[in-house]
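Lettered A, B, C and D in written order, each chain numbered from 1.
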Amino acid sequence: MSRPSLAVFKFASCDGCQLSLLDCEDELLALAGSLDIVNFPEASGRMLPGPYDIALVEGSITTDHDRERILEVRRQSRHLITIGACATAGGLQALRNYADVTEFARAVYPHPEYLSTLATSTAIAQHITVDFELHGCPINKHQLIEVLLAFSSGRKPGIANESVCMECKARGNVCVLVAGGQHCLGPITQAGCGALCPAYNRACYGCYGVKESARVGQLFDWLQTREGMSDAQKLRSLRAYNAAAEPLRIIGGGGETDD
Amino acid sequence: MTDPWLPQSCGVKSCHRESRDVFTLSLEPPPAYTRFSAGQFNMLYVPGAGEAAISISGDPDDGDSLVHTIRDMGNVTGQLHRLQASDRVGLRGPFGRGWPLAQAAGRDLLILAGGIGLAPLRPVLYQALSQRQRYRRIHLLLGARSPADILYRQQLLDWKRQAGLQLLVTVDTADADWHGDVGVITGLIPRLEFDPNNCLALICGPEIMMRFCVKQLQERGVADADIHVSLERNMKCALGQCGHCQLGPHFLCRDGPVLPYPEVRDYLMTREF
Amino acid sequence: MTSKKIPVKAGVKSRRIEVDYLARVEGEGALYIDVEDGELKQVQLKIFEPPRFFEAFLRGRALTEAPDITARICGICPVAYMMSAVHAMESALGVTVDEGIRRLRRLLYCGEWIESHVLHIYMLHAPDFFGYDDAIAMAKEHRDAVMRGLRMKKAGNELVRILGGREIHPINVCVGGFYKLPRREWFTDMLDELKWARDAAAETVQWVAGFDFPELERDYEFVALRHASDYPFSEGRIVSSKGLDIAMDDYPDHFVEHQAPYTNALHSLRQPGGTPYFVGPMARYNLNRDRLSSSTRSLAQETGFDRTVVNPFHSIVVRALEVFQAFDEAVRLIEEFVEPAQAAITLPRRAGVGMAATEAPRGLLFHRYEINEEGLIETANIVPPTSQNQLTIEDDLRDLVAANLALSEAALTARCEQAIRNYDPCISCATHFLKVRIRDVAGS
Amino acid sequence: MRRWNPDHLQDLIDTLKAREYRVLGPRVDDLAIVYDDIGSLPVGWGDRQEAGHYRLLQRGDQTRFGYNLGPSTWKQFLFPPEETLFRVEDGAFVSARERPRKMAFIGIRGCELNAIAVQDRVFLGDVHDPSYAARRQSLFLVAVNCSQAAATCFCASTGDGPEVQGAADLVITEFEANDPYYLVEARTDSGRELLEAVGGEPAPEDAHSRIRALVAATAGQMQRRLHKEGIVDDLLGALEHPEWEAVGGRCLACGNCTQVCPTCFCSTTAETADVVSGTIDHTRRWDSCFTEGHSYLAGGVVHASVRSRYRQWLTHKLASWELQFDTSGCTGCGRCISWCPVGIDITEEVERIRES
């Protein structure tokens, strides 16, 4: 098989997830040897047209134009992988889903009438079929490499969908919830970061998105009844980096899903 | 001390297609590979993809090749599918307890296979048919998704014609050329001629199929102790150490995959156990 | 849909240069230049980063969340956002951190400058000077240079990773200090690598100083922080090459954000007068050369850059000098490690207004927050470097195109793109860039 | 038996170090006492525990062993959370097992010692795991009789403590919190040899009765119990009990209980490719029956509901384990109770299932 071609596309995002690819300092040249990076505007002036074997999509859908653009990206891509909290769950910018976007626009811009934006920020998978979703805000670059290798050799990526707690214990952290009373979201958050926050004495704030079989309501009940979490804290905790993720939205209530 | 986790590298002799998603992979046995018994399995390893438990589907008396029939279901099996002659794979084995064929001597032998479940039962056929006189009736009941999914078709027909195998096949969905049975395998059991008091039933297939087969056999008067099933669970080590293949007290990799039905009855009948 | 086209429109002398998708800038931008009858009509730098409304949804969040939330404005310089946020919040609460924390914050900032600058020098900008599409293509003939760059970048990232937990959106920064108290031992293993990287940074300076630079000189107003003793990161006064010298809290009186219908962004302008200004490495360098370490100074002398630098194409050299400065300081900060008394100071509960500007890799990054007694944010205002430089970039392009109309289409386009990259514009940073309205050009 | 003062404990550590042991024992981390490399023993630290709750405390005394079990287990040293088993280099399969260093465990409790014995049956049964075997072989065990119980301890009811019964090299009992002395018993030849080397005074005549009284008092403090008689049938005979649904409704399926359990042995494997060198590592990692991957089959997940995952954990730990290994999988350490983020209590669950 010839080298699979790789393209990187950006929607509403901070660029951090695609930067992860450039942050693979040790592996970058080797990766560029096994993949033909044909469209990666952040890094290269070489921007070849599709079709592409593998497309990485960063960012969420927040404009009409992007809603159209993602359809075209899908048409051009054999395997389409979304990367990061924006692309997989709407990102922080999905906080607008819980508010009035025109009020948001007025708060930031003197002339909001020049803006063209949707009332919601939505995950890519709400618009097109996605072949794999890599969680994280930002994604873990080693997981990104695994995903690229997997898709270029035609297998499923070996990305665990268990809790952050699993990594937390394997790393030898002391639980900041049980031993520190901190409002840790590790039990409902998907592994992948290596249980970073508890390793630095702070509660997980859920940036890797929701794990499978997440018991969001049960965890928050405990945090509220036993660890002094207020209603306002609960809402802030639910509505953050993966605000539009379904299990969090359901427990927190509100949040437009469509536009 | 040899490391029980370390695979041996062995060469691919051939990899050929059986049906849309099933293929047969024949390997050169690695040095010092002990003779396997029917129903045992190997752990096949593809670098980068991992290991998968795969039953040995060939003739136990064939010392020259280790044959596996595999359904392309995901990572490892997908990569195995791509192998070609002279490629190499990792192998550990053989593992587990096979079919208690010796118990069938002088009795009717009922073999019930669903889909890829025929693979671990083919070694039984090789053995039983090569010593045909030891057994009374030998029935093979086979269920397949469609006629095109029937494994080892020619070989089964040959065995039926020449070796005294009684063959009944049913498919879930027929095509224009199919004149045989359509429907689930359990539908064939009432028609079967055999002695419920003097038989041994060996079943391998999807768990739901096995549950219904057992029910039918019980209705025909077969004792639970004469029924043996081959079970499947996730397996990472095949050494009884990774904990994945537990079914109640059993580690299927070590105590199974073939187990007498009475030993698993309670667990098989409990949802999600 | 993302291909680069350079169509020649009507006539020999009328042309429109379109770069629909600017490469090697972080974020999304496009450039349109209209030339009619040999005369430059207009230059537009179009940003199509959709608005994400950070300043809107920061309202009602806990002040302690600001560093993590604002980090998500930009994945390239998250530390800068975190630093501006923590300083603004600390100023609102009226607290200051001890020397140990202060130094660790400098160390963290060193890591980000290194990572960001080296990325820009080696992977985004240097390919322009050689005519490659990217660093990967450049690596074929300049493998050693690219490998050196990657290794230096890794060293910068490693600093951020150790201190912050991870390279992008670090998790160890909090208002009042750090979540986990960093210890000297965390860094000792990487001292040798940092020293190697400092030497590599010196080689980098020599390397880029030898590039061919297009001519461009304009009369800029450079704006940067200036600190009593150190090269500026997060402290000091805001000064300019035209005599401005104010406290951070007076920023709003001297700079104003402006949105006009014909522009595509909230531009920031100097007040009074409404003039553009210039932030970033060149501004910092020109205003703070006397704050560089003596070894950075002598390196600058050796390469002939120990002077006010006005050609923006020279910014790559200044960036390299800042990388050297950052490695030099990082080594010193680790060797002269000061253990903080505690991981973070306890924060008082009080309402207040806090402002802070810090020096992001790309220049001044200003945050202003009003917080209430419950510790929640009432209003937030963020002015990133790219929106401050946008008008200056367009002015540069105007001069550049006017002076180079004789160049071929392709060469002029490449030159323009290179000029934009002089500013390393981070478009994701532009929290409130707007969509452009493109005027029709005759004949199209 | 000898009588030691605190200095002798330091001598013990120093002697072991001099003999090139990696000395592991209690270290005070930010929020809990963990097991780690140590140079000396922390003084005066304790803890308060409840279901889903742990707080590190300063006792205000001079005890060295005045704490109960924290989140770490000795399992992490014998069966590490992640271990590369072999590597693929140029198509060849090369063992990646490391030669272990000799290790000494300081302060291992009765229930923990028994937990090692339980894991021995897994990794040193019919099939020996080479690295486990190697690490196990070079182990020097300094055990401690518990002089206090945490609220979550129930080893007295399982018969695994608070008195050390297993084969430790040395067994220490701490007396007098404010001016502690230690009665030290050697149970193996290497223990006797080390005891000789460290020295100390002869133990008082009534040493044994002092120890018995102390551990009896500790056992008396225990608030939780797990009755093991008949438990195999009680649990395996109740696979459809409504309590599974109830507890499955509270359980977060986070896996913490299995990760802090000193006997849980489940592992999964992972392949890690190094794109630069081209090698691939085949790595074994701790797994848990609370993950979806644990029961993943190409055709679907067996333990799809959290209810069925909890049932797997409890029935395995307390019932099928007995049938598999002729011993219970629980030694009464109480960790799964303390470190469950929502305070699910294994002893309570067993009682609920036994009711009715």
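In the analysis below, a contact is a pair of C-beta atoms (placed from the backbone, for glycine too) under 8 Å apart; a residue touches a chain by one contact, two chains touch by 3 or more.
Being a predicted model, the structure only gives us computed values, none of them experimental.
Distances from each chain's CA mean to the overall CA mean are smallest for chain A. Averaged Cα coordinates give chain A a centre that lies 25 Å from the centre of chain C.
Chain A and chain D have centres, each the mean of its CA atoms, that are 37 Å apart.
Work out the mean CA point of chain C and of chain D, and you get 51 Å between them.
The distance from the centre of chain B to the centre of chain C, with each centre set as the mean of the Cα atoms, comes to 64 Å. The residues of chain B that reach two or more other chains are 48-50, 74, listed in rising order. Counting only residues that touch two or more partner chains, chain C has 180. Residue positions 30, 270-271, 273, 293 of chain D are each in touch with at least two other chains. Chain pairs recorded as touching, per the definition above, are A-B, A-C, A-D, B-D. Considering their complex, residues 48-50, 74-75, 78-79, 82 of chain B touch chain A.
Contact residues on chain D toward chain B in their complex (touch as defined above): 85-86, 88, 91-93, 95, 97, 122-123, 125-130, 133, 236, 239-240, 264-271, 273, 280, 282, 284, 287, 289, 293-299, 302-305, 307-308, 311-312, 315-316, 320, 323-324. Residues of chain A that touch chain C in their complex: 10-20, 22-23, 25-26, 28-29, 32, 37, 39-49, 62-63, 65-66, 69, 72, 91-93, 95-96, 99, 101, 103-105, 107-111, 114-117, 121, 137-138, 193, 196-197, 199-202, 205, 207, 236, 240-241. Per the touch definition, chain B reaches chain D in the complex via residues 1, 3-9, 45, 47-51, 71, 73-74, 77, 88, 90, 206, 232-234, 236-237, 239-244, 246, 248-249, 251, 254, 266-267, 270-273. In the complex of the two chains, the chain C residues touching chain A come out as 1-4, 21-28, 48-57, 59, 61-62, 65, 68-69, 72-76, 78, 119, 123-124, 127, 133-137, 139, 146-147, 150-151, 153-154, 157, 165-169, 171-172, 174, 178-180, 259, 261, 266, 343, 417, 426, 428, 431-432, 434-435, 437.
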